[in-house]
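This is the structure I want to talk about, given as structure tokens.
We just call them A, B, C and D in the order they show up, numbering each chain from 1.
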């Protein structure tokens, strides 16, 4: 196992669900040693979320959990018990980073506020990823992907083609927990910034990450357009960028095609064989195209409908116009591209067996993203962590187990 | 495999830890189909109690749990949820027997009082095994093996031998979970009695088993002596006066030998070569022997101390005087007796591996005790029971899992 | 950058102070990476030229100001410095090499191997500064069959399967949230990768090359549907606001004009609280809804009934009623509401900054808040070439004459 | 009403058992409604008839015998006499279960082994209870409870930390637990017979019963090759977990604390004395590690109260606690009394006695068939005249021939 970028970092992850664990995963994938603390018994609630092989629920076979917790050590600990709280503080003593995603009031009540923990370990970076942050009127609101996504404004501007009357449809949540993942991703990023701040001061930081803000931050251009140009972000189709980025029907499927500037438009028109309609005044420049786009789209689609997705993509790319088929995950999993990039990895897990996971989103030339161990079984590393590192005896373990502490 | 004595008997075990599960085990070992209902997450409390291989606690490797739950099907179910309650009712509907050991008040609050269940299933035999039974002033007392054992009087007459100041010692609870085992055993007898009745009458019964009574019932000879002879017992060295079987130190260990009764006394004195002291009238009949037992024991021990355990036992066996070495469980496990009786079987369990388990304590010539399957993993048979028998879809399983119902 | 272990009084420094970034990126995905670095205190020098301005400057200029700034450009480029170099000129590339010599990170997100063609590939840069960290963001990665193809967020989202999943049941597939989702998420992944690389450099003195593919970022964000496919061969479709296990779990119409509230119930306890909050209308007693499974099976009817209740209240009102009893709920905010949201305001997420060309306006800060460091570097976004003087004069200590000459030669241009 | 039926009505048991282990089996069957016919003779009475004869005027009745044989019928047959054995065969022909717990293969020697019994009645169920089982190296050796508890490892587990081994509860633990296993096996066999018409032979070993009651210790050995030692009143996880001295003469209360909440409730109930805040008791693990000191301090609190006061205070606070009852306390325990655990039996020659009944109730069901314990041969007429339809002359002759003795 070659050295990785974050090999020297020790992280305690007291988090469950998606945002906190995703934050921990991103750091673990780059080599940080992440010790995941789970509630004895049920463990991380992600263990209850699918997908499950053959759709048979099993706490050790949740696709969500397996993906989010690869490369971590797993221990069980009831931090609500007094023994648990003691053990937890000992874990904190030896850690660079604590990742947690519990309601601020709970954390304070349990005595794990940053103020307290920094007494235990002044160099600790504590990253709190919560629904609405540590301050403000909603700071104790509970949330889930749906609520956060809608609270960020993203749902409202999430487009909605293909429904009869958009006004009748509710704003639209993004698929597959995007709202939670963005929070975890932003959390990892801000955590690393705190690690850098520590380099200069030797002191830790409390990272206060609001899931709502992480998502709002995704919409910064729309926000800018609104604040400055008062651009009306209605939920109807106008929300799109007419004549720029567009879905076109082909004889055997859909493509997504972008003509972002005049040169691309010209190349695209040429690729279509310079049809006359495209030469008319109506489509002379972007502003005009935007006005007359319904007509324009119809004309383009007339052309694409006579061709297959493959043809359209080939012709577009030949003339360097960005265009791809609208894939299902099946096509992407089997795509030549991702195969060639070695993006997908097969991971063997004691309970779940061999499964193909999405791999690294980027390649670091010297310190590669790496799978060092599969997701932990519930409490798999209790002995290693508690006995091996904190010096408890095995008898202590059996007592703590029977007391429900671990 | 040939039918077992209880093949075809359908049992639902809504029980935790030892008493109820032991009852269920006795039924399962003879072929009843026992569906064990565990709370999601932590599951049966016995999973948290040892012994564990290498003393590393693991919910699937508890020796106590493995022993108590072989031959059962295991499902997870939170009966406190509306869905869970509905499912338990469905299970009960299809069952002949329900074994439960929950606090009476809780069972009523959850709507599982026998009255209601018998409406669902008039043939149902419901066995409730609780510390103090379903009625009486102590019925809602919280208890565990220690409390019940003491409440039965057994702890008080349990001898405090070989310690300084026996009277200074507190009453003594039996090893392991004797109280819970005895309660479970009585429960199994009572259950079978009720099952036989319902075969004749076609209507079920509610069996109310009290652990205190099950243990007090073990005391029946003492209670008889108290009732008739008004005898009472102090916690002296243990052996009640006149109970002239005792343990004797030998050169290399201890034996337990019984020679108080006239017949055995004669045989044993002969075996010891009719020593002169034995002729003394102090020892002429069992009454006088009882009075002078300390002297008698001292003389016998003088003889045994010069001999090995093996010699003493051989001599005793030859003269048909009841005598055996005082063994550790290790010696039992390795004894020629255990081997000759096939008293230990290897049971292979997916998580715990192959371990030797003691088998049923009796042999049925036609319908043998048998290991059909190892103890269930937590929720191992959810799919088999909920989908195949109760007709839920896998999709619904995933919903129930995420909802914490199973 | 300054080596670690400083003392308390340096606590007021930003994390990346002392880090210099040479930034060739444009549009959204790239600039958002360097924006993060800039706000965290890195000195980001954005290199453009009048021949090749960031297309966003030219684009979307809905109100014509005398400036090379528009809201969108500002939203992605605040905190940075801007200089102009005409990279078609060999001398300009010379100057870039000099800059690299005194920098820590170089970033680019061209449509192809432009940097290589300029002789500024990682190999060359490492020759100039061995511990340099180079970041290359692209649609499909810098290797593989599509490495020369231009790509934008929507393309990557379409290819990776996100469009197919985003939408109403029965509706059409579309990229996420109008556009740029893959850009912004890739940018954060990119910034994270750069910080990790900087961390490694601190430990070992080694630099490295970071090759980020937007398609792979999107793919990694779709692990759930992907693993459902790799585990079970199932291809998930569009589920709208529905959840695979929770019900109710949707967005419900409220009193105001096109006002909606999102509500999610994950357990029987929450369901009971929810019913109480609604005042237990008769239908809540309905057999169909008594348990989680029933609710999930009958969510069409359920959603309709809940909608009848929410319709009588404002979305904020519903959210507060339900949150008070521990039920997950929140308004679905429009852009204008996001900007006015009292919670975001109170937390200071919206910053009023003075932006030449836009006047004082309110920008969306980064969701980045550390307990013991200043709020971050939120300098206004640079005009084209605004910092030429600083870059060429101060950093490279060129004389005014030299600079003038280079401007004449359209090297600085 | 139909549920008023007793489970074993119509089942007849021929009972050759004596002492404790066997009689307790058939006692339970009898209470459950079985017609149990205990077979003794004046030359071979149940040895317990002679035990502890004190106040009773009945020469053949003792307290222990009464406690273990009520609800049965008794007849006398001289099994050393061929005619006696023939009579036994006649009785077996009209019976369902035969029970024995001889020290060896006595039944075989009498020609009453399972094969022969099966020939007499094809669906007969034979119960054999013995110390070591009817097969194996010790099948011919006599045994008593203490012996098998010693052999089974129980003695070396029962005791205080570091104390010497001794059988459970002084005496008979293995007897009575074996008896219950035996009764259970018989019920299972009856259930099987009711479905298939098959009888069978039940071979119960008391040693194996002891093993079955020690799974933790045995599995600890088979898993970890460790031989556990006596742990006194301690638990593997709970602390405090012990028996504490109270006011009064040798009076004690048992207390068990399983988690932090109970500990807090316990401290409150005690009025939070200083020591309860000490670090060494602040959490479950610390309490467990320091339980010796802890027990001391808890003892100081209980020392000022009666065991019932202490129990009441703690149970009200939701803490597991209960008095350690003496035999006489059990006999007068209000809870057991209210539940009707003790059955009043009018024992001829002794008077009305409270006897320990079955440890379970059938709610709204019959309380079981409780009759006084039979005198030697008390039911000879019933057996020989009613069951075997003998004439007085016949019976007289057999008595002369000492077949009935």
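Rule of thumb we're sticking to: contacts are C-beta pairs under 8 Å (C-beta built on N, C-alpha and C of every residue); 3 or more make two chains touch, one makes a residue touch a chain.
Keep in mind that what you see is a predicted model, and the values were worked out from it rather than measured.
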State which chains count as neighbours of subunit A and simultaneously of subunit C. B
When A-B and B-D are ranked by contacting C-beta pairs, first comes B-D
Of all the other chains, whose mean CA position lies farthest from subunit C? D
Centroid spacing, where centroids are CA-atom means, of subunit A and subunit B in whole angstrom: 53
How far is the middle of subunit B from the middle of subunit D, if each middle is the mean of its Cα atoms, in Å? 12
Counting only Cα atoms for the centres, state how far subunit A is from subunit D in Å. 64
Rounded to the nearest whole Å, what is the centre-to-centre distance of subunit C and subunit D, using the mean of the C-alpha atoms as each centre? 76
Can you pull out the residues of subunit D that are in contact with at least two other chains? 236-238, 258
Which subunit A residues reach two or more other chains? 49-50, 52, 54-55, 398, 400-402, 404
Quick one: which residues in subunit B touch 2 or more of the other chains? 48-50, 52, 54-55, 398, 400-402, 404
Every chain pair meeting the touch definition is listed as A-B, A-C, A-D, B-C, B-D
In the complex formed with subunit D, which residues of subunit A make contact? 81-83, 85-86, 396, 398-405
Along subunit A, where are the residues that touch subunit B in the complex? 40-43, 48-50, 52, 54-59, 378-379, 382-383, 394-395, 397-398, 400-402, 404, 406
Complex interface listing, subunit B residues touching subunit C: 81-83, 86, 392, 396, 398-405
Touching residues (chain side subunit D, partner subunit A) in the complex: 236-238, 258-260, 282-286, 288
Partner subunit A, residues of subunit B touching it in the complex: 40-43, 48-50, 52, 54-59, 378-379, 382-383, 394-395, 397-398, 400-402, 404, 406
